[in-house]
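Chain IDs A, B, C and D follow the sequence of writing; residue 1 opens each chain.
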Amino acid sequence: MRFFSDNAAACHPAVLDALARADRLDTAYDGDAWSKRLDNAFSDVFETEVRALWVTTGTAANCLALAALCPLYGAIVCHRDAHIENDEAGAPGFFTHGAKLMLVEGRGAKVTPQAVEEACARIRPDVHQVQPRALSITNATEYGLTYSVSEVGALGETVRRRALGFHMDGARFANAIAATGASPADVTWRAGVDALSFGFVKNGGMSAEALIFFNTELADETLVRRKRAGHLLSKGRYLAAQLLALLEDDRWLANARAANAAAATLAKAAGDRLALPVEANELFVRMTPEEAARLRSAGFDFYDWAPGEVRLVTSWDQDMAAVGRLAEAIAAL
Amino acid sequence: MRFFSDNAAACHPAVLDALARADRLDTAYDGDAWSKRLDNAFSDVFETEVRALWVTTGTAANCLALAALCPLYGAIVCHRDAHIENDEAGAPGFFTHGAKLMLVEGRGAKVTPQAVEEACARIRPDVHQVQPRALSITNATEYGLTYSVSEVGALGETVRRRALGFHMDGARFANAIAATGASPADVTWRAGVDALSFGFVKNGGMSAEALIFFNTELADETLVRRKRAGHLLSKGRYLAAQLLALLEDDRWLANARAANAAAATLAKAAGDRLALPVEANELFVRMTPEEAARLRSAGFDFYDWAPGEVRLVTSWDQDMAAVGRLAEAIAAL
Amino acid sequence: MRFFSDNAAACHPAVLDALARADRLDTAYDGDAWSKRLDNAFSDVFETEVRALWVTTGTAANCLALAALCPLYGAIVCHRDAHIENDEAGAPGFFTHGAKLMLVEGRGAKVTPQAVEEACARIRPDVHQVQPRALSITNATEYGLTYSVSEVGALGETVRRRALGFHMDGARFANAIAATGASPADVTWRAGVDALSFGFVKNGGMSAEALIFFNTELADETLVRRKRAGHLLSKGRYLAAQLLALLEDDRWLANARAANAAAATLAKAAGDRLALPVEANELFVRMTPEEAARLRSAGFDFYDWAPGEVRLVTSWDQDMAAVGRLAEAIAAL
Amino acid sequence: MRFFSDNAAACHPAVLDALARADRLDTAYDGDAWSKRLDNAFSDVFETEVRALWVTTGTAANCLALAALCPLYGAIVCHRDAHIENDEAGAPGFFTHGAKLMLVEGRGAKVTPQAVEEACARIRPDVHQVQPRALSITNATEYGLTYSVSEVGALGETVRRRALGFHMDGARFANAIAATGASPADVTWRAGVDALSFGFVKNGGMSAEALIFFNTELADETLVRRKRAGHLLSKGRYLAAQLLALLEDDRWLANARAANAAAATLAKAAGDRLALPVEANELFVRMTPEEAARLRSAGFDFYDWAPGEVRLVTSWDQDMAAVGRLAEAIAAL
């Protein structure tokens, strides 16, 4: 009974079905029929014309977006706990050719307009200091918090005033949308976001993520950068097919709702032990090492996050019986 | 009836089966059971202890290998027609951080020891000139020729004498092995090769290629570079499973033999029209634009390669009836 | 009467004399007689065999050193107020090809072993996080504080235990040596430092800085990187001659002592207004904007550092009468 | 009696004088009075508004220009014998972050419109191939040939049609202007050149070269790149002063004329031995090793260029008596 990471879950059956349907000769790279449907499919989701590129990892999606939004001699404002800062092995530095991450603080890995403004204001506008050129936020955050439409909008104001590019790391975008009920359009381009890493792998996909450009002018150059980074798969239809399968019938939303519901069940059981509100599919639960050991010996697997704190992540396919047993076990601690 | 590229073919049924079998929760990234079997599985193929990493493209495999073998201020000797020079959008420059390709000539994209030696001898050993530090050859070549064990061995001698790293781009390694009957060990590490891009996608795979290090000391750093380039997929088991499925029962060899046999049938029909001997699964056939048009109107799809020359590529799943019809059509031109 | 920066001062007369003496045909680049004397001249200063390269800027010296000490996928621990973090336009990212600066706190821009240890301990040893591979400290610091031999030695212990490279940014190394009386050897290689950016331009030079490798194995590769970065001047003798002129008769020490003495005079006058002890040639003095304006209207030029704080920097050639007048003016505030 | 390289000559006396005059406190970096005069001084030379940046090497000037003119995923067309290809240690790859040099052939290192057109035409306009984005020519070439105004203009036509950036490496631009009598404006921006590396070090300077932007929009970004590459010297006035001294009274032209005249004298003596016409200050003279040895034993120093061919380079300060003796010695061979 694993509550370790949504990264490790199985695929949604529709994904495997889609691979089988895509399993015939077609044009190579992204010239196939499936890949060609992506722009339209995502434009429907976002109620505006977007450009949508498949990639195989969130790191690639994030870093291609950052490279498109920030010149190589610029800086990207992000939270100290952002995935791009902590868990991508320096990929932002690689893809952007040395641009800098300018770290800000904020509860639960959330970035505020004040924090962005202060970070920017500290920089002298001269050639000696690296100038802020982009903002990257994660929604839902690395701590499972979500941004409201007005919160993103307020960041969008700062971004506009400071002439920054605006990237959203949506590794768990589906969970955020499912949790807040916000429209995908409202919480992204209408609020000023230029590019979104739209995660599918944590949400029932196998190996395909989507990089969405609302600022469509950035897409063509990114096609070149994707190839140059070795990310243009020759049988791209197998990636596009996964994305289309999860978009169809709003499976991506259903999957996210299932994961969020499992998290909510656990959150209720955890009560005062929660270090942060549970808004999506991640829980940070205070417990002693002995308590954690007790849960583990009962067959539950999860991550030690910090001294006296564990992280639980629920997936789209979480067995609700196991969730119930874990909820009981936590309540009984 | 497409003879366009083996890049566009379907997957071997065993690959889809393997994906279905891998479709359950496991450890993320490359910590899963399938990924952990790769080193051993490829060590068996090569009769020595190797390190094997999955990646999703040949470009990534090639360029991670080059980055491991050549310092960023060095040069990689390769053929003017090499894929790394012509078809990877400058990915070698990206992954190596600016190392240079030093181009040599040679029939059918083959590199000779003399050509390598001459290229190296032209460089003054000072800080003004970029020093050759690696050699990369393609087997089978971009023109469908293969290297014999002794040819690779002779290059290995040059490599040793010049203290170069030695990379083999084996996008069609299976076709080369099937064609020559050479042992995988003899034509690689026993001949001095340090790293091999072992292609599976053109040979029945879906999205997994293997990067093999015979010089196993280079693997750990490459694990970091793979992650840094956004190539560490979170559900890596779906890649490993593809490779294992194609290694099992020597499916990779059977697939390559099928493709080669189809090419041989066409070669026989093409006779004097062949611009180069057909040793693997690619044919370069001289014909007028009118002749090419006639074949196309009969339903055959292929690539115009050069004025008066077309390229035909056969795949592991080529329909032999269609091959027969194309052979007849060519003979009847 | 400028107390703005030692960056803007004139050259020591011996430097111009040396240029005139070097002004004849010699071998180009660094093959000339002056350049060839550098290794020995600096080996004498440091009582061990070193490799010494001229460069034209501290940024180049720092970043070539960092590139030699840290792999491109690693991190360099440094202070949040370090010059490499704040005033080099991202040059560390450029020269190292994307390595990361891992920032620590500490009074007056000084780094402690504890801070380094904590920064390193926060990093999981996996491929997802950028691993610390080097430490860079500045002596004297950006806030004019110096490191004692035992402080550097304690950092050297941490460096050894963590297998880091160890760089010292000595833009004001002369001032630090003059202030502490430490031997150049004791405060560098004997304490574990691998490479030193030894500043001369702020200390009476015109356009030459020295990059000193105590870990001499790193020098040859750096010769290539220097050329590759466009920093191998064709008439290098004019750089080497500057360095030799300032080493001769310990002019570098005399110059630093003069600058430090001027700072000490001002420090005495500033008394309780000092935000930090004055150990070299920089003063951070608390005063209201009105007080600062009063000094400026009396003809003194300096930098507003922070709200209610100004920075004064003294140079090797500071006019002592002006220093006296400024001391009086400060005391009279 | 050295005919080795103009790289190794002494400085013009006016340069040392200018250094002495600049030797007083001024604003640091490029904020000083001398640096601020550069734009106007070079605008006068080129009869249009230009932006002029000092740098310390031709490699830095060339590569900053290339980085401004070519995106990092593009290619720069240049001659196989270009300095950027052969003698800059891969600096173009470093400064451009991996852009590619696309080599063409041509007599005496000259590039023709046909060669550029053919190189561009070979590239498919897709994401797999690196697209040509800039052209770089050297005037005078590495073989001492010059471009006429109409030749550069014809290249400018190609550049416009292909939407390339256009860089001229003018390490010996002065020699070219002195030789052809062309106006600096006609042979550069009026013919379509965007950026010029205007060499001064080979022509009587000490350590300052000029990077001239006719496309002035590129200058601001290049100021950042210059700093990021460690090329923003803190006492920039000593560089600007050199350039101004050589511009004053057209010393740069007088120096170039002197060097060219020396070369012409030698060329006359060499007669049929010349491998190429002598248009500036370089001679490529056919002679046997025995003949070369005879000249050397008579006290003449020069470079063996190729089997049976030596290179002679004359400098602005070449002793005309020595030139006469060498001319006699060559004639007497």
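Going forward, a contact is a pair of C-beta atoms (placed from the backbone, for glycine too) under 8 Å apart; a residue touches a chain by one contact, two chains touch by 3 or more.
Owing to the predicted nature of the structure, the values given are computational and were not obtained by experimental measurement.
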item: Contact-richer chain pair [B-D vs B-C]; value: B-D
item: Chain at maximum distance from subunit D, centres defined as averaged CA atoms; value: A
item: Whole-Å gap between the CA centroids of subunit B and subunit C; value: 50
item: Gap in Å, rounded to a whole number, between the CA centres of subunit D and subunit C; value: 34
item: Centre-to-centre distance between subunit D and subunit B (centres being mean Cα positions), rounded to whole Å; value: 42
item: Junction residues of subunit A - those touching two or more other chains; value: 73, 88-90, 94, 97, 127-128, 224, 227-228, 232
item: Of all residues in subunit B, those that touch subunit A in their complex; value: 2, 4-5, 7-11, 16, 19-20, 23-29, 55-61, 63-64, 88-91, 94-95, 201-202, 206-207, 224, 227-235, 238-239, 315
item: Residues of subunit B that touch subunit C when the two form their complex; value: 71-73, 97, 127-128, 221, 223-228, 232
item: Residue numbers on subunit B that touch subunit D, as the complex places them; value: 73, 75, 86-90, 93-94, 96-100, 127-130
